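Look at the two complexes coming up: chain A is in both, with chain B in one and chain C in the other.
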Partner chain A sequence: MAAVRTSSEVAANRLAIVAVLVVTIIFLAPIYWIASTAFKPRNLATTIPPTVVFQPEISPFVKLFTKRSQLRTPPTPEEYAAAPWWERVVFDGGEKIVRDGQGQVQWSGYPSRFLNSLIVAITSTILAVGMGTFTAYGFSRFKVKGEADLLFFILSTRMLPPVVVAIPMFLMYRAVGLNDSHLGLIILYTAFNLSFSVWLMKGFMDEIPKEYEEAALVDGYTRMEAFFKIVLPEAATGIAATAVFCFITAWNEYAFALIMTNRRAQTAPPFIPSQVGSGLPDWTVIAAGTFLFLLPVAIFTFLLRNHLLRGMSFGAIRK
Partner chain B sequence: MATSMITTLDQSSRAAARGFSDISIRNLFIIPTILFLIVFNIFPLIYSLGYSFTDFRASTNAPANFVGLKNYRDLLNDPYVWSNFAITAKYVIISVAGQLFVGFGVAMLLNRDIPLKGLLTTLLLLPMMLSMAVVGLFWKLLYDPSFGIINYALGLGTFEWLADPKMALYAVALTDIWMWSPFVMLLSLAGLSAVPKHLYEAAAIDRAGPFYTFFRITLPLVAPILMIAVIFRTMEAFKTFDLAYILTSQPTTELISIRLYKMAFQEWQTGRSCALAYIVLIMVLAITNIYVKYLNKVKER
Partner chain C sequence: MAHIQLKNISKTFGNHTALSGLDLDIADGEFFVLLGETGAGKTTTLRLVAGLEKPTQGRVFIDGVDVADWGAAERDVALVLQQYSLYPRYTVRENLEFPLKSKLRRLPDAEIKDRVARAAKTLRIEHLLDRKTDRLSGGEMQRVSIGRAIVRKPRVFLMDEPLSALDAKLREALRTELKNLQIQLGATFLFVTHDQIEAMSMGDKVGVLNHGRIVQSGTPHEIYSNPRDTYVASFVGSPPMNLIDGKLVGGRAVMAPTAFELPLAGGTKAGVAAEGRPLVFGIRPEDVHLESGAPVEARVHDVENHGVEKILTLRVGDATLRATVPARTDVAIEQAVRFAWNPDKVVLFDKGSGINLRHAG
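Now for the complex of A and B:
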């Protein structure tokens, strides 16, 4: 931009800054609303006018993790006094925590779904990035016949709409008993992320000077040794960035999980919407579940901030 | 195939003498990935191509009967399916145009010296990183006619966003614009920062007005990267499933992916849905092809 000189240009610049702030606030409002609703008492979640200032509560999270039922009669003062703090907040909301015969607290479906999401996302990320790194190195350093076509083939597998792939996969998984299994989802997410990881890693590999390995080869390293001892450490940043992208994609994925799982291996994305049944949903609990689910992605976004452009354009555009 | 790919390697070199040769390393590194993708992406598609010529229903044990091109013929003559494509086209246009407008607009605003620019940019990028399904669900509360903050903030009373069949598609598109404008913004910022400063200086010396500068310098130079953003978002919007499926169940928001999902997993018309999947697949591959051509073009610059 030309240097700012006249007073009207200064004013225009100030106006732009104000506009940016307004836009940022608008864009963040929905996320802020999720975070704030997650700490509200239930009766303040759906008020008119909306409640902005309130005493934060932890009760939505207690309710998120436990099975509850309506209280027919309020607890006696003794019961209330004997209950731990986390049970009292549920009593305060007119509900009680469900316990089994031995008095063990019954967990809600959320913790196991969250754990499933972690298992599936982490395993598929390791597989996709592992295989992708090797393949990217292969494409980056060696002559491969029909390289452009192979790379297009790899990319196109990623572009397929999930539902299109899910129909035959569902039938095949049903035939071999992989429906509603962690392994089934892990394979799907690995296949989905592998193409992405190859494309992104190839960009990072291309940036590592060939001379490094050539020097090592002259020094008597084998190609394998050169790859593991010279190339991999150089590619560490790229591998980390690719891994975070793959993790986020697998973590967020909804359509495959909806179709391929229903209980045992169900991940959080199809589970969270299923909490909205008929009648008035408890939005504080949904917000609490959403908040915990979005937290890792939000943290990763900050860690990734310098690689976002590259990742989102499949490594095509580099800063 | 493997033998034809072999390139010459000096057999007397020390690297060849011990350990793997370059050729075997290359094959070892590339072939497993290709095989994996063939088994888990291509083989299923061949499998469903076969089913697309049958009347198979996955909900029954009845054997599949070969019906030839009947599924394809029926689908292409089905006004219902055509209306799903029309809805999808409308959705793609609204949402991509909105993202282009908002994303490029915000990038223009951000493309100057602003305190905390890095932090603001990262915060603005947050929506696109989040799960469409999970955040989309929460937009149901934001859109709620009686206690949603959107109606409250805009003073719209009890305006129906999702319950009104006419409005629902726009509401879904609006959420999509919120989520994906940051993507267009990110690419636009990269394009804007690559415009050589001396062009603006030359324009200033020539006393070119802001409109002239924008249309003759900024826009033409950013256009290729904007094009990438548009093609990529078009492809993604065409495939949209999560957001529309979560937000509403209006027939007016039944995008082609949703129709496909219902046909396959609710009506269990497996054979027919495989045929529809193939029609969608060909369309997506066509857009992907354009996208990759463009990517390579921009990369070369």
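Now for the complex of A and C:
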């Protein structure tokens, strides 16, 4: 429609664009800060005023993945020449990569923590969204005795700040041997997300006309087949939106991960700041760790962005 | 094809009684229309036959077999709804194939292809087969929906207001098509509608449903000319039957409180009705005539021109009644006219119960 616009409408439109730009910049600034610090040489990371123009380096990432120690004496020219490029950038920073007796490079704690984060977040998201979808379908389609009370009860699990139960949870987990285990964190995060997932999915399920499944039932399909063939594809948008939220919650969770895990099952959020601990913190390495940590959520959200946008306006576009 | 019987069916949802003591008998190969207002229990009846609801009381028989324990899939019925009748995300072809691909049927691919092709041809939707359902017009959607029913060759077709969401012209066209299709297939149809024109024009038999009960069941002609009670009389027909309070005095209808008199065809009718008992006289608008020498004078309150005919609203004192007259009749609003009725066509109802005296007892 080529509607005629008045000059005041044009002005309002421009103002809106400016406002969106300002808000976007405010939100992107910290991310830019982290990303740029991750590629800075160590001596430029903490300058005042901040360095904006610099020669990007890969050394923070090399340091992130390896175990290093302070060099007492500079490497001999032969040693330096024999070292691969990634070892040289560490030498340049006045450190050396720790090797074991066989000369194998020692990894830092980061890759395993990152892997732990992936395992815990993905598994708990699948569990929470899967169980939430089934539960929501049940609530949406069948007469459940005390439905309102049950739904309220499910929601009430979110009503107290999770940290309040951290100590009792820690004691219980220790008693049953779930502390510092993947399973323990997965159960915890699934429990966090389940109420949210049930409520969100209930809304989406209610929007899907039950006539579709009834038609499938009459057409000779079982309730289960109708659910998988007809309901699930229709609910894809809702499932995607719910999954993004559950994944973000599980991925970013800090307090419980800090309390419940220390080595074997530790996730990235408590690990990254723990590197600050000894000596002068190398902010470039911490920024590199944080930068990589941001990527999975960003990629996941980006892949599902169409579903997410439709999911947010779902109730509005249907009548 | 099947013979369907509902015996003494009651259905309650919580405190709400949808159906109470409903009896229904649909013969094999019959086009049965269930006619009623919104909330009368039409859709509930349909869902009970489909197996999507279980009756609180009473039994459903298909071909003489009690189907209480049969699920929707086993009853082998086809359902066509007013909306949401097609699977979204599927093409027309996939929609038509869907019921045939059920594990219950296990048809070979060639047979599926053949049946889909034949259904598409019958309904003239061959050019739409590869289209997604969200790119169809309302009429096309309902055609496909009917197609999904006929590919199955079900025992019964259940249709829940399939034409109600369509515009008038399309509705008329599909009405004829659907009726022809039923004759061609020789199938049993249970068709639910609130539109009495649909009921009258399509049904072999019509059941009028009110407050969860079948008030009257019969051929469209029976329902129209001899309604069982004042509800049916005022619900069926457009415009509806005129209903005027009055009494029978000496074989003549005496209207009260507005005093005017009209003759009745004597003998039987007058005999049944006790003299002086409060009655309701029913007369179809087409049986009210304007004549210069007619016994009663009235004023023209309103004139509706329908092309082939005019519908007049006449005022006699504080009673109003409608008359259908030929379009060429020249009348103006507030004009004084004289009218009479066709005494043979007058239907007498008991004032208290509303029951047609011919049906009573």
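Just so it is clear, the second predicted complex is superposed on the first by the 271 of 319 C-alpha atoms of A that agree within 3 Å, B and C clash if a C-alpha of one lies under 4 Å from a C-alpha of the other, contacts with A are read in each partner's own complex, and residues count from 1 in each chain.
Note that contacts are C-beta pairs under 8 Å (C-beta built on N, C-alpha and C of every residue); 3 or more make two chains touch, one makes a residue touch a chain.
Quantities reported herein were computed from a predicted structural model and do not represent experimental measurements.
Asks: Looking only at contacts as defined up top, I'd like to know whether chain B or chain C touches more of chain A.
Replies: After superposition, B is the partner touching more of chain A.
Asks: By the touch definition at the top of the document, which applies to A:I230: first (chain B), second (chain C), both, or neither?
Replies: Touch partner of A:I230: chain C, not chain B.
Asks: Taking the superposition as given, does A:S156 touch the first partner, chain B, the second, chain C, both, or neither?
Replies: The answer is first: A:S156 touches chain B but not chain C.
Asks: Going by the contact rule set out at the top, does A:I119 touch chain B (first), chain C (second), both, or neither?
Replies: Once the two structures are laid over each other on A, A:I119 reaches no partner at all.
Asks: Looking at the overlay, does A:V105 come into contact with chain B only (first), chain C only (second), both, or neither?
Replies: Neither partner.
Asks: Can A:Y254 be said to touch chain B (first), chain C (second), both, or neither?
Replies: Only chain B; A:Y254 stays clear of chain C.
Asks: A:G220 contacts which: chain B (first), chain C (second), both, neither?
Replies: Both: A:G220 reaches chain B and chain C.
Asks: Touching A:Y212 in the superposition: chain B (first), chain C (second), both, neither?
Replies: The second partner, chain C, only.
Asks: Considering only the contact definition stated at the top, list the common interface residues of chain A for chain B and chain C.
Replies: In the superposed arrangement, which is not itself an observed complex, chain A uses residues 217, 220-222, 225 for both chain B and chain C.
Asks: So in the complex, the part of chain B that touches chain A is made up of which residues?
Replies: For chain B paired with chain A, touching residues are 4-5, 7, 14-15, 18-23, 25-26, 28-30, 32-34, 36-37, 40-42, 44-45, 47-48, 51, 58, 106, 109-112, 114-115, 118, 120-135, 137-142, 144, 146-147, 149, 152, 178, 182-183, 186-187, 190, 197, 200-201, 203-204, 225, 228, 232, 235, 239, 241-242, 246, 257, 260-261, 264-265, 270, 273-274, 277, 280-281, 284-285, 288-289, 291-292, 295-296, 298-299.
Asks: Which stretch or stretches of chain A touch chain C in the complex?
Replies: Answer in residue numbers: 209, 211-212, 214-222, 225, 230, 233-234.
Asks: Provide the residue numbers of chain A that touch chain B in the complex, in ascending order.
Replies: Interface residues on the chain A side: 1-2, 13, 16-17, 19-21, 23-24, 27-31, 33-34, 37, 46-50, 131-132, 134-135, 137-139, 141-145, 148, 150, 152-157, 159-172, 174, 187-188, 190-191, 194-195, 198, 217, 220-225, 227, 248, 251-252, 254-255, 259, 268-270, 272-273, 276, 283, 286-287, 290, 293-294, 297-298, 300-302, 305, 308-309, 312-314, 316-317, 319.
Asks: Which bits of chain C are touching chain A when the two form their complex?
Replies: Contact set of chain C toward chain A: 50-52, 71-73, 75, 77-79, 81, 83-85, 87-89, 98-99, 102-105, 148, 152.
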